[in-house]
Amino acid sequence: MNIGLIGLGKMGNNMRERLRNAGIDVVGYDSNPAVSDVPDLAALAAALTAPRIVWAMVPAGKITDSVVNDLSAVLEEGDLIIDGGNSRFTEDFKHAEELAPKGISFVDAGVSGGVWGLKNGYGLMVGGKKEDIERAMPIFDALRPEGPREEGFVHVGEVGAGHYAKMVHNGIEYALMQAYAEGYELLDTKKDIIKDVTGTFKAWQRGTVVRSWLLELLVLALEEDPEFVDIEGYVEDSGEGRWTIEEAIANAVPVPTISASIFARFVSRQDDSPAMKAVAALRNQFGGHAVKKND
Amino acid sequence: MNIGLIGLGKMGNNMRERLRNAGIDVVGYDSNPAVSDVPDLAALAAALTAPRIVWAMVPAGKITDSVVNDLSAVLEEGDLIIDGGNSRFTEDFKHAEELAPKGISFVDAGVSGGVWGLKNGYGLMVGGKKEDIERAMPIFDALRPEGPREEGFVHVGEVGAGHYAKMVHNGIEYALMQAYAEGYELLDTKKDIIKDVTGTFKAWQRGTVVRSWLLELLVLALEEDPEFVDIEGYVEDSGEGRWTIEEAIANAVPVPTISASIFARFVSRQDDSPAMKAVAALRNQFGGHAVKKND
Amino acid sequence: MNIGLIGLGKMGNNMRERLRNAGIDVVGYDSNPAVSDVPDLAALAAALTAPRIVWAMVPAGKITDSVVNDLSAVLEEGDLIIDGGNSRFTEDFKHAEELAPKGISFVDAGVSGGVWGLKNGYGLMVGGKKEDIERAMPIFDALRPEGPREEGFVHVGEVGAGHYAKMVHNGIEYALMQAYAEGYELLDTKKDIIKDVTGTFKAWQRGTVVRSWLLELLVLALEEDPEFVDIEGYVEDSGEGRWTIEEAIANAVPVPTISASIFARFVSRQDDSPAMKAVAALRNQFGGHAVKKND
Amino acid sequence: MNIGLIGLGKMGNNMRERLRNAGIDVVGYDSNPAVSDVPDLAALAAALTAPRIVWAMVPAGKITDSVVNDLSAVLEEGDLIIDGGNSRFTEDFKHAEELAPKGISFVDAGVSGGVWGLKNGYGLMVGGKKEDIERAMPIFDALRPEGPREEGFVHVGEVGAGHYAKMVHNGIEYALMQAYAEGYELLDTKKDIIKDVTGTFKAWQRGTVVRSWLLELLVLALEEDPEFVDIEGYVEDSGEGRWTIEEAIANAVPVPTISASIFARFVSRQDDSPAMKAVAALRNQFGGHAVKKND
């Protein structure tokens, strides 16, 4: 079996390796010729057995748009494009619609696992037609973790469902991380009685209700730098978290912990908060409370 | 009519002036002899007509405790102590109980109005026995704003009810301030189309749903410093806000906006956030996302 | 001076009356012929002196779109359309762009004041070109509240800025309402000592930090039904609140109180919460905690 | 080795079994004679080898207080009491102080694992003196999960530290559960494209960032009742969650997700929300928006 893989960055490169380890022939393409197996998409199409499967692993938005568009020019009826990037699920509707008249199928795949995926396998959530997903199953089986298929792979539903599930996964992930982080600060602040914060997280790894993979990663991080002296409390956020809030708003779903997690990240990136300047100014006005003056 | 007033700080001093302007004789006592009308509490008691009314306007906690205790030694059966400070309402129960065996009455008074109270009058919420409150009504009438009594004064309920109401008032106040502050930041951030943030708040003063006294104060603050360049986004909080959350927790009342307002103040005072360091560390572990390194 | 006014619902009808009271000739059009002054938009255009001003006061979205489109067919170069509805500010960009080639100007006007506007005047926030706004100033002056112009009217900035400011106004409004509501519940829950909840809100109307128009309305509501026995805790929300969150997300502005207010409304409309079912199920799994069974 | 175990409810009984399986002699006492190994505490003390170890596994608060008090009458210098219940950490300070004059040692132990502990072992976090903890190590080793000791047991710090860590553990637990629950609702609400919610959670068990023990429990729950038709969204909360908020407030630690989780539980238990009645009443006042009338 062979597959085309577009995008050989950190994620794509690892996935190529995992697929090859599983005995699948991978023809990789990247705009950087140094890492690319073929010079262009036409060569990629030529190198694959029809009906072809091509996996796009490129940044969401314009780049995914142009890859899907470019592929539609070199692929044929019966071929299948899988978008494994972090596209918004609404983009999937558009892409499937664009490809349909040409008889090219489309599947969206949410992929979780980060840099650990090469070793552990990738959690996969896919959306699309049953027959398309069945055709690509050897690919999914190669990428997903060892163990029962249904514990690392799911056909979530229609086109878009895979990325929707991945978006929700990431929204949950934000709130989980924030939950542990609040707990860390509560332990860290109580230095009069708490003498072993790292040891506490370490001991939560077995038997407790809060054990999880994120907890294990937090233990690794604490063992490297128990007081996080080298790390600034500055946290980026990516599209999925924001989209989760937007979908929650659109569907009237209350998401207080997911939104709190994102707002905490927004605040973490501010040098000074315009809102809190306003609150300080207000307190000064009504109560004569001193404000901290900027120098 | 005369009254003893203990505590001649910013608030107490203004209140003395407002009471005197209303024709009430005020005997003020302060631990600072430079501003005190009498040398000690015994002299204060001696200077007042029995049955006496003494208003304590001192910091909550230990100082109020000791003032109530010291007063109980110099006052007599039939006298009345009014605690106008920011005591927690549970303290009132204790004080009323301590004074009861001596026949000294106790009334708690929540006082709102800050530095503007001298000019505008003070919003008053009081708790205690009907007869005690009626006896002190000329005092309350002198302190409260002009206009119908019920629009600036209320007998909320039993002892403790005045401070409970003031506590809730301050909890609301925190959330109101945060609401305007979030709005300020939303306007401030949209500089491509928003050209007059101060003017917008100014124009909200009449006709709109959001008009309020706090809005007027925000306009004053913005007129002084439209970009808050001189003000740091660093905001203290005082007991009442925290007690509000504790009461909410104790009574299973959801208070998402009040708690969000307090947490925003906590964050505003942190140089760096331990929690967000933990989140940054976690992201780095699972995704290889770069962290900002401290220097 | 004359003006065309499209949309004679609750708001439009009141505005027509307020404009006429100010001596402005209003030609009103509504799809309901019973209330319309003219049979169609062509007749409306014919009845106005060029260069014309037409104020659209219709539901945001498709209806505003079609009104703007229909007007562009009957208006001429030099005419001005003011959208006073609750359009999303991004719609304004589109409308201004569509009208520009025809030489028709566009101004967006955020209007606050609800059913009280006829009597009190409407708070106005407008976006657009200076000359367009100056031309329409007699209209704005007739609609806005008595008092200094800058306390009830503002030229916020470019096209879209008026509706953006109104959106933020409504976001703030949501959080203000929620703040008072949390305070109400805190007072209401403490029946052992709090004997006069309505009186407490009433007494906050003068002198306190939390005094506001919304507080006055809450007093009116409490005086009608002090325990809200006739009212269900079911609250709708409209576009502006949701858009505020979306803009906050898009601009990385933390809005914890505004989002909490919207989520509280979402929850208020749920018969049962899927999320809390999941939490109940989880507690049952790990702790053997009993769940409430549905009948 | 032998140990006294007080409290043979669901948790205590399971722990007795796990200890006995590990070859430790357990003398159990319960106020219910049907399950008790001895008739009273004196008999319990007589049955144990000095210096004795007694583990209290009874409800926090008054019952733990009286057990500690009763034990202090039957135990001797050199004996050790371990409180494994869900006591507030501040209670530990009091108990240790009460026992110190009698030469009885005190260790607090936070125990996690619920009904699964018998099989999986209990996560243990303990506070107290090094020598006391070393003495009880065979007990801890019997109770904790298989695997490296430091992954299921930790000496957190001084007396109180064990229960403080357990309190934080439970605060985190609340937020983790809420995070998954919000994700569940987001998936559940999107029925147009999401066809397999249970399968999605199931597939998250391997390879994904959100994998955890709670996720596995959610899968078990969903497999039993995929739409939670039999479960009401009504969720209790216990002391630890509330104490976490109180500690956060006391130490100025922002805990937006933990507090959101608790507030969600509060709301889940309300038939109707007083706060949302107030919001509905307010909207009606200013906008003439219809309210839902109670019948």
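Each chain gets a letter, A, B, C and D, in the order it is written, and its residues are counted from 1.
Assume a residue touches a chain if its C-beta (ideal position, glycine included) is under 8 Å from a C-beta of that chain, and two chains touch if they have at least 3 such contacts.
No experiment lies behind these values; they were computed from the predicted model shown.
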Exercise. Taking all residue numbers at the chain B/chain C interface, are over half used by both copies (same) or under half (different)?
Worked result: same
Exercise. Taking each chain's centre as the mean of its CA atoms, which one is farthest from the centre of chain A?
Worked result: B
Seminar exercise, completed: So, in whole Å, the Cα centroid of chain B is separated from that of chain C by 32
Exercise. Distance from the CA centroid of chain A to that of chain C, rounded to the nearest Å?
Worked result: 37
Problem set entry | Cα-centroid distance, chain C relative to chain D, in whole angstrom | 47
For this session: For chain B, write out the residues touching at least two other chains, lowest number first.
Result: 114, 178, 180, 182, 185, 189, 209, 213-214, 253-256, 260, 263-264, 267, 273, 275, 286
Seminar exercise, completed: Residue positions on chain B within touch of chain C in the complex are 89, 112-114, 117, 120-125, 127, 144-147, 150-161, 164-165, 168-173, 175-176, 178-180, 182-183, 185-187, 189-190, 192-196, 199-200, 202-215, 244, 247-248, 251, 253-258, 260-261, 263-264
Seminar exercise, completed: As the complex stands, chain D meets chain B at residues 209, 242, 245-246, 249-250, 252-256, 259-260, 262-264, 266-267, 269, 273, 275, 286
Seminar exercise, completed: Touching chain C in the complex, chain D uses residues 10, 114-116, 177-178, 180-182, 184-185, 188-189, 214, 217-218, 220-222, 225, 228-236, 256, 264-265, 267-268, 272-289, 291-294
